[in-house]
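For reference, the structure I am asking about is given below.
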Amino acid sequence: GGDDGGSAAPPAGAPATTPAGTVTVLAAASLTESFETLAGQLEDEYPDLEIVYSFGPSSGLVEQVLAGAPADVLATADTSTMDDAVAGGVVDGEPVIFARNTLALAVPAGNPDNVTGLADLANEDLRVAICEPQVPCGGAAQRLLDAAGVTAAPDTLTTDVKEAASLVALGEADAALIYVTDAAAEGDAVEIIEVADAVVNEYPVAVLADAPNPEGARAVVDAITGEPGRTVLAEAGFLEP
Amino acid sequence: MSRRTADLRVPAALLIPAALGVAILVLPMAGLVARAPWGDLPSILASDEVLTALRLSLVTATVSTGVALVCGVPVAWLLARTALPGRSVLRGLVTVPLVLPPVVGGVALLMVFGRRGLVGAWLYDTFGVSLPFTTEAVVLAQVFVAMPFLIVAVEGALRTADRRYDDVAATLGATPWTTFRRVTLPAVAPGVLAGAVLCWARALGEFGATVTFAGSFPGTTRTLPLEAYVAINAGDSDVAIVLSLLMIAVSVTILVGLRDRWIGASQ
Amino acid sequence: MSLSADLAFRRGDLDLRVALDVAPGAVVALLGPNGAGKSTTLELLAGILPLDDGRVELDGVTLDDPAGGVHVRPRDRRVGMVVQDYLLFPKMSVLENVAFGLRSRGLPRDRARAEAREWLGRMGLDGYERRRPGELSGGQAQRVALARALIVEPRLLLLDEPLAALDAGTRPAVRAELRRHLAGYAGCTLVVTHDPLEAMVLGDRVVVLEGGRVVQQGAPAEVARRPRTDYVARLVGLNLLTGTASGRTAELPSGAVVALAHEARGPVHIAFPPVAVTLSPRRPEGSARNAWPLVIADLEAHGDLVRVTADGAVPVLADVTPLAVADLGLEPGGQVWASVKATEISVYPA
Amino acid sequence: MSRRTADLRVPAALLIPAALGVAILVLPMAGLVARAPWGDLPSILASDEVLTALRLSLVTATVSTGVALVCGVPVAWLLARTALPGRSVLRGLVTVPLVLPPVVGGVALLMVFGRRGLVGAWLYDTFGVSLPFTTEAVVLAQVFVAMPFLIVAVEGALRTADRRYDDVAATLGATPWTTFRRVTLPAVAPGVLAGAVLCWARALGEFGATVTFAGSFPGTTRTLPLEAYVAINAGDSDVAIVLSLLMIAVSVTILVGLRDRWIGASQ
Amino acid sequence: MSLSADLAFRRGDLDLRVALDVAPGAVVALLGPNGAGKSTTLELLAGILPLDDGRVELDGVTLDDPAGGVHVRPRDRRVGMVVQDYLLFPKMSVLENVAFGLRSRGLPRDRARAEAREWLGRMGLDGYERRRPGELSGGQAQRVALARALIVEPRLLLLDEPLAALDAGTRPAVRAELRRHLAGYAGCTLVVTHDPLEAMVLGDRVVVLEGGRVVQQGAPAEVARRPRTDYVARLVGLNLLTGTASGRTAELPSGAVVALAHEARGPVHIAFPPVAVTLSPRRPEGSARNAWPLVIADLEAHGDLVRVTADGAVPVLADVTPLAVADLGLEPGGQVWASVKATEISVYPA
């Protein structure tokens, strides 16, 4: 249980001390690498602090919080899922945007089909993967394509940006619109073609209303939104808010 | 034996765990029903996308079950009835897709049947055929994920059945194929049916391997679970719940109808 | 078509070693106590069980030869078999069961069914064509199993107690049908039975198995007259003693002496029918030179007679009338003298 | 019957589809093996996290299978052997978790057993117990998802078995419970084993319902499939493949060993 | 403990209506052709099949009364049953099979096993305790089934051809054991058998079933002497004719006339043994006033005699010596005269 952290925390309203106890963070899966680095740093700084992460799809995390999960912090990959949490009254205060992500045109290593820009996505002969319009990366892709006046001819609408990324990495898709961070995570298997005016996606974080350890939670949120977070996130390809 | 006297009193030692088991399985569904946005139901269900996805789901799951029956029952028979060397390892391998996280399964399928995969590259170069992103790929993904259920269930049934009937058929001059078709298979029909139900249901609910290997395109590869997953990822769990209830309703109707007819006929 | 088999097989306690030769068209009745290995013998011949050693040849073709690595599969042997528990295919109708063998040999469905229908008629089962095996009585099921085996005209017919479940009215008819069929049949037949009458009626030759070995064989009448083991003696209803003869007497292992009508020497079998035994309360004074004091173990009504089982130095079975039982006051535990005339005794080398 | 003569020649009508079936199931695994980063293997496998997740996976899958056996076999018996009214609807309901996309299943579980759920609220108010995000929740999610496999397989086996043995036991004075335990259950042991294998494997590979209902906490709820998911999301698909191969290796070893022992013992 | 049963049951073609009363401790032998409904009767009494109508009372307690909604479950009836195909529990050892009933009634394991061991001994199965049913021969399995049923001392014992698979050597011993057990047993017993000797030995009373109805019942000797149906006549080995008597003659439906030794009137049964029939090539001139021309249908060796089946206005079975067969040149299709002395014929009202 996540309850044990509560007893170690100072009583609410007490003067701020060094954060201690266990802080449970529910975070979108795409934040895995960055947040684990960040946790290491924080725990070095505050020896009494222990950060426990549960990574999962944003929507599932929100369901958990709505069902009364004894967690302290919620970080999602888009604002709409966070809005559901706010509407459910489980968030303490206003969520804060701590990172943004941009889309990039990804092609397999070596760019075998000589993709040059967004216009190639309309090519029927290319195998194109784009995110489903209803999910965050898909919405962003739609806006980007609309702005560029391109009618894409996708062969698959992936439900998760990771799928599009791995399709490119395996050479099954000739081109895909994916987040820069996901493209970066695929390493050498994927090449990025820069796109102008890539629309962004925002990552909000919030302390939860029923947080067993609000002190610690606030310290963690501060770290995410502050300098330490910015550095780590930037390394993974995220943009500043 | 429709006429045999049924002992209606059931021992508590069985009834109590059974009730617990039913509760675990049925209560969550009650939760879904309670949570469903009944007002929005008609509009969600009547949408073209949903109907297309439903049709695709039913067609692919049924075709996959057919393929699994044709290929899987013989595999079960090999495992249960022959002295094949390395049989127990084969049995283990055949069970593997059960434990493989479906997404990894999809990746594995891509690596073999994808355009650059072991078999896929050859198919592509020779015939110009590429499996991913086609309805065939959906079927292949479903077969991969669901056939093991059929195999294991049928093998269990074959082991329960009396082998001596096969011997008798052999002395009457029947080839192994005739024996299989006319003696062995009818004897294990309930087991095959059970396996087919498992397989069909698993194929209908299949998501991970499909989305990775076949992609998700309306009309060709987007089945109902994919539709539901999209809704969840878009933060629209209400729609996901409605779609799930739809799948439940359809499959329960089909399974109940089918089983009652089958069981009725075989008694 | 002739069968020549030399079987060696071990399973559990059973150590089976049986040599069998069956002439073309001949019928061998296989007799023996429970567990003697009769069913096992049939399964070996059918190829369902593998020989440990030996050889099976049917019509000059080697079916089994473990040393030479030969093993013809059951379905290629053209054997017909009726097993003790029938094993009718439960999901097929009676007609389909009987037609199965013909269909398996490639006959078109209609012809196979027509012939099956005919066989069912011969077995007295008209009107049962569409039943499932589960809807048959025991005797009906056995007749279906018999028809299923006979219809394929196998080269070797193996029948394991094929008439055991038949009622007394049907049995003679089915037995006659079977006998008729076997008479016009070129293949070899082995029939396992516990009924001595059946063995005599059906068998050209009788082979008796005990503990996995052949203990006696020969023409039915010969076996019936000169049993060589207790089992056969009981089967044909004779008392059997074994002893060593020297001249007109034979000494039993128990020390008792039996007077013989003719000279004999060496180890002998001594047989006499239960009706030849006279029981009396005291030592008889008549011409019967064989008289032994015994204790009555059991009485059992037996048609018009009562069969008395008596123990002692010379254990015997005696058939007496109910009147004699009453007159002599016979009852289990009572003492009695049994006497047999030497002329009623047949003696033959052991 | 270890000694019966085995007919090693297998009819082509069975062999060809069987070979196809085996190919569909085994080739993708070959793909995984080909792709695996064999050099990094030792370091990945030796990491604390992986070992923790492996232990957690094995423990939860085994406990879940135990629970499913205790609760599921009686349910199968009810469905196969009693004249329960509404039996076919119950059978349909019990099969539902098979078609439910696992994530939706997780949502449904939250709605019933979550701290604010139908049953969960009562549990929390009365006993102060909260299920989600505990190892117990992992087990519950796995039972929910995997028990139907067991039930369907065991019901099939029960229908294949001869009911008359139950009648005989009854005339000998056995209670239904004794009959079930000493006569019925041994007769369908192969079917129960098959069902348990399916159930265990499905529980081991379970991901969607677990991540939603139990979360993904290292040490308490992060099983191997979740670990693989985390790896994929961290851009480490190589790790995910290694983890999948680990699951395959473990499960094949256990299943092969267990079945050989069981089958050996029951012959 | 007495049984009073009035059974009505339909299944498929079978329309069973049987009333049975069995006195405490009595043994009823149930005879009848295949499919007569014998096994069905036992299953109804065991409570495995539901009565359509009627009533079963055991020892004053109503077990079945469909009209009153009474149906006692099989396990509460304390019946013991041996079914035609044994149904030994395949996964239990022989010992566990036999001990099962005692264990089910709550006896501790050791005592149940000790008693089971004893019963196995009585059945001649020492040393077989640890076998599985699949490792037994047919006769061994049947004896285990019998022991399993007898050991629980049921109030009603239902035995369906309990000795059919036993060999000729074991059968008298097991039959004697069974008879001994039944003699000291307070419950009611029903034994189905096809063996007339078995029925006579075991049964206090014989009930004959045909087509779901009781066609004859009574003391064994009475039934054997005065058969009322063809089936019973064949069973006890008598020729049976049915006709209408007026004075010293009786007319058969075929128009043939039979001379009688005593006066009789109205519908009668006419019975005579096959040995009483004399065959001759021409119309006999002797004192036998009954002589009919017949055609030989079949010949069958039959112990020391040959049984001749002859058809005509008065179909008869005749037992003659092999010598007579040769002398008369008897063969199927041949013409022959059959004669029977009126004094050999027994006549009783139909």
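We call the chains A, B, C, D and E, going by the order they appear; numbering starts again at 1 in every chain.
Following the convention adopted for this analysis, a contact is a pair of C-beta atoms (placed from the backbone, for glycine too) under 8 Å apart; a residue touches a chain by one contact, two chains touch by 3 or more.
These figures come from a predicted structure and were not determined experimentally.
When chain centres are defined as mean Cα coordinates, A lies farthest from subunit C. The interface with the largest number of contacting C-beta pairs joins chains B-D. Look at where the CA atoms of subunit C average out and do the same for subunit E: the two points lie 22 Å apart. The geometric centre of subunit A is 33 Å away from that of subunit D, both derived from CA atoms.
Distance between subunit A and subunit E, defined via averaged C-alpha coordinates, is recorded as 86 Å. Our note on geometry: subunit D versus subunit E, Cα centroid distance of 55 Å, whole angstroms. Residue numbers of subunit C whose C-beta contacts span two or more other chains: 47-48, 73-74.
Among the residues of subunit B, those in touch with two or more other chains are 1, 4, 7, 107, 110-111, 167, 170, 175-176, 187, 229, 232, 237.
Counting partner chains per residue, subunit A shows two or more touched chains at residues 57, 60, 63, 166. Interface of subunit B with subunit C (complex): residues 1, 162, 164-165, 167-176, 178, 182-183, 186-187, 189, 266. Here subunit C touches subunit E in the complex through residues 12-13, 31-36, 38-39, 84-85, 127, 131, 135-140, 143, 160-161, 164-172, 175-176, 179, 194-197, 200-201, 230-231, 234-235, 298, 300-303, going by the rule given at the top. Across the complex, subunit E meets subunit D through its residues 46-48, 73-75, 77-81, 83, 87, 89-92, 100-101, 103-105, 148-149, 152.
On the subunit D side of its complex with subunit A, the touching residues are 103, 106-107, 110-111, 114-117, 120, 124, 130, 132-134, 211-212, 215-218, 221-222, 229-230, 232-237. Those residues of subunit A lying in contact with subunit D across their complex are 1-2, 24, 26, 29-30, 32-33, 36, 52-57, 60, 63-64, 66-71, 162, 166, 169, 182, 184-187.
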